[in-house]
Amino acid sequence: MALIHSAQGALALIAAAAASFLLIAGVFAQEGDGGEAFSGTLRFEGEPVAGVRISVVDATGIAAGKAVTDSNGRWRIALPGPGTYRATLAPDTLPEGVTLRHPDRATLEVTVTTGRTRPLIFALGEPVAAGPVLGEKLAQAVLNGIKFGLIIAMCAVGLSLIFGLTGLINFAHGELVTLGAIVAWYFNAGALGAPLVVASVLAIVIAGMVGGGVEFTLLRPLRGRRLGTFQFMVVTIGLSLLARHVLLLFFGPDRERYTDFALQAEWTFGPFAVTPRDFTIMVLSAAALAGVAFFLQKARTGKAIRAVADNPALAESSGIDVDRVILSVWIAGAALAAVGGIFFGSVEAVDWLMGFRLLLLMFAAVVLGGLGTTYGAMVGGLLIGLVTEVSTVWASPEIKVVFALGVLVLALLLRPQGLLGQRERIG
Amino acid sequence: MTTATATAAAPAPGWKQDPILVVKGMRRAFGGLLAVDVDRLEIKRGAITAIIGPNGAGKTTLFNLLSGFDRPNAGAWTLDGLPLSGLRPHRIARLGMVRTFQLTRSLARLTVLENVIVAAQAQRGERLDHALLRWLWRDEEERARERARLLLQRFGIEHMADEQAGTLSGGQRKLLEMARALMAEPKLVMLDEPTAGVNPALTQSLLTHIRGLKEQGVTIVFVEHDMDVVQDISDWVVVMAQGRILTEGRPGEVIADENVIDAYLGRAHTDPDGAPPAGEAGDA
Amino acid sequence: MEFDVILGNAARAGLGPQAAIFALAAIGLNLHFGYGGLLNFGQVGFMMLGAYGTAITVATWGGPLWLGIPFGLGLCVAFALALGIPTLRLRSDYFAITTIAASEILRLLIRASPATDVTGGPFGLQAIANSFYDLNFVPDGRYGWGTFTYSANQLWVMIVAWILVAGCSALVFALIRSPWGRVLRAIREDEDAVLSLGKNTIAYKLQALTIGGVIGGLAGIIDALQQSGVGSENFMPQVTFFAWAALILGGLATTIGPVVGAMLFWFLREGMESFIRDLSAQSWLPQFLADFLDGSEGAISVALMGAGLVAMMALHPQGIFGRRRDLHLGA
């Protein structure tokens, strides 16, 4: 009977989740404008420049299209499909006295994803000396790395805590990230037009409730039956497939942005340049992580969490309500993941796969720091963020994730227990 | 054979003229805690040696180190003169030193018979390149199966041979684990608390088997808490406390030793709740 | 509703090349996890290496197909060793995470534009299977009834693929019943215990990883032949999850489980998609619902498969052919 009840509970949860998304989705506007394209506007000292020829070849060097700027300086080239292309502005077609600001950047190599129109900027004006020097690029990459690292760390803390408490690798953790980002987008840009702060609070609360709901109605009843770690892993894989594709159904395949952030002027500190938005995100992320650390060290629930992670049986016998501790970690972990998703969506864009892509980086962070060690997840996240971004100074950004995952494999070879993990005792 | 001296700390001359296992300067630290710190330990061939000591004395850690499951920070040990340092556990087992575990490790979804057969050494069919060539290992497999059946018979669990090992009771698992260790035809068996969690009737039968092993010429080292068991079957007792060897000697002498009573029995006596004695806690 | 159309589509998928490909991938996973306890979440990496090794030999280097296939399988062996030697001594959860990460690294490297000259980058490689279809002895034409119809080339792929499925099933069956397989199953139960009995457990795990990976590589090669090309988007991490779903559906550590599981997986998935397509064309359906369903059948069916996995773990975790008792003994 218990079996049937919990299954009903699980199905009811799934149905409720699906129904709520149906409601949300009904209001989502359909978007997407078909084929892939490059477009842009050429201006010189504020005036449009007409009659300039721009041509595009694909990665194999085959011509993919060309255009000449119109009287408004505008141009557009439709592309045969997603992929990487090289767009070249023919400098000899520029009017007398008009030059490229960076003569070495008459050809741009750009990747286009499905259904997107990529704006390309050929800057015209007085030629300037070469681009930023290595030091500046490095400083910028480090700053970006810290920013992404903090976001990854925040997403990974919940993953690590849940693993530490229950030994479960939660493959659906990435979908909590996506859920937070998409729900915030819905309240912000999609429907209500609420300020991002308000939308975020709503999204965080909803994500926390979903995380807690999954634990309370599905995982807790299943723990009561003798299922192995593997069966739980499969449950989270199923949840991840379900949630991801439900999100796809109602959000669509496109990338979207929040409305609050127009272009912002950058603040510069020495070699570092940062927009107020990114600065805020970094400060808030660091504060949230510090809060988690403080909570684990000082608060009663935090201490209970550490006790359960250490030895569940002992914790149980000393009067700690283990189920309650696990539930609170699910709620908090999901809420943190949602925050991470909203920040990531602000920095980049919101899309249905963002959480799953981040999941691999979270895994890397968690293993790098030592599976199940919370501070390890934080350190690991920062390191992964740094490696990912700093690699772009030298390597193509397309493969920056490869460096992160490469660091992971290397770390496993050199220090398998993770940076902060301890060597296990056997027997 | 020998005349026992008054102090158990200095073993009788003549005892251990022919050690099978020699340990020198073995140290293992976890964090700041020295879990094992053994200057010298010799195990006499063909005898039953008990290792006793309070919880956290380092007995199981010593087993893990000797069997290659854990690596010492320093030290060397030899089996029949062969150095074992740095060898992985399976190499040590192949040299004839087989251990059991404190918590039984039955292979739950294999049958009881398979559990025993799997311990047979140097089976050709266990090599991947021979696995599909049945005629190469059919006879060998048949012999191993026969031997395994005989062992199960000897340990009185033959009627369970075709059941999955996960269905055995705790005591039966201890018997199975011992049968499995014997299937490997070891020179030296290390038993980690062979009677823990076993009912008294089964304990007697286990002890009979251990004595039977000795008669076959197998050397036995075992960790034990039950002093009656130690008195009953061991030829030699090594007392550990806080990672060191406190003293060693014949069972009667050691148990009468003041130091042992202080370090082990005495403390256990003054600590009725069974909490670890002072100085023992901390590495968990 | 045209149930004959839906049933025909479902049956075509359940017996078609995709089902055979996933059966092979699942047979490999079954050797890994069902018998060896190795949590491989990067099976798609092996499939990708098999497919790309073959395709690169043919399309990039202009070599013959009969050389491309062993090259692809050789890459699988190399991947198994590179993956296994550093990680197989770690706890199984570390292994799981590393395998999923490593296969995704591979995919990103393969699709990166600097690799375009070799792998075709984001564009993939095409026209690799001509010499395979030259061997096709099935006369031209369509075979079957209604929507349950295959072309001569599809039939040819299916014949080869299902023969491979049968062969690999037999291979795994024989291996598992040999003393080698007994040691492998023992390692699944308790590696330390087997180590203490003098078996080099890491060598066994590495061998199992390699064999199961090569079987996964065969799956990738069939996929490349079937499509006569390769593309990195066919090797997303969720391919591994689908292979796992097929294996779990059929039942772990059974011979027939991965095969029937893969057939059923594709039968259900295509049946659902076809049903939703058909449903969205029904005139009695409210317009907004029809609009919603139209074109969404892929996402809906995957979402339902996910829900199905959850429900199965809750209600019948041993799959069709597995034994419930084994689950408890193993836990």
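Remarks
Order as written gives the chain letters A, B and C; numbering starts at 1 within each chain.
Basically, a contact is a pair of C-beta atoms (placed from the backbone, for glycine too) under 8 Å apart; a residue touches a chain by one contact, two chains touch by 3 or more.
The structure presented is a predicted model; accordingly, all values stated were derived computationally and were not measured.
In this view the innermost chain, defined by its CA centroid being closest to the centroid of all protein CA atoms, is C. Seen from the Cα centre of chain B, the chain whose own Cα centre is farthest off is A.
Each chain gets a centre from the mean of its Cα atoms; for chain B and chain C, those two points are 45 Å apart.
Chain geometry summary: the mean Cα position of chain A and that of chain B are 53 Å apart. The centroid of the Cα atoms in chain A and the matching centroid in chain C are 28 Å apart. Counting partner chains per residue, chain A shows two or more touched chains at residues 426-427. Residue positions of chain B touching 2 or more other chains: 69, 101. Annotation for chain C: residues touching 2 or more other chains are 192, 328, 330. The touching residues of chain C, counted against chain A in their complex, run 33, 39, 86-87, 89-91, 93-94, 96-98, 100-102, 104-105, 108-109, 112-114, 116, 121-123, 192, 237-238, 241, 244-245, 248, 288, 292, 296, 299-300, 302-315, 317, 327-328, 330-331.
The residues of chain B lying in touch with chain C in their complex are 67, 69, 88-91, 93-94, 98-101, 105-110, 114-115, 117-119, 121, 123-128, 130-132, 134, 137, 141, 164, 166-167, 180-181, 184.
In the complex of the two chains, the chain A residues touching chain C come out as 3, 6-7, 10-11, 14, 25-26, 58-60, 82-84, 109, 111, 163, 167, 169, 218, 222, 226-235, 237-246, 248-249, 356, 360, 363-364, 366-367, 371, 396, 398-399, 401-402, 405-406, 408-409, 412-413, 416, 426-427. Chain contact summary for the complex, chain C toward chain B: residues 171, 174-175, 178-183, 185-186, 188-190, 192-201, 207, 325-326, 328-330.
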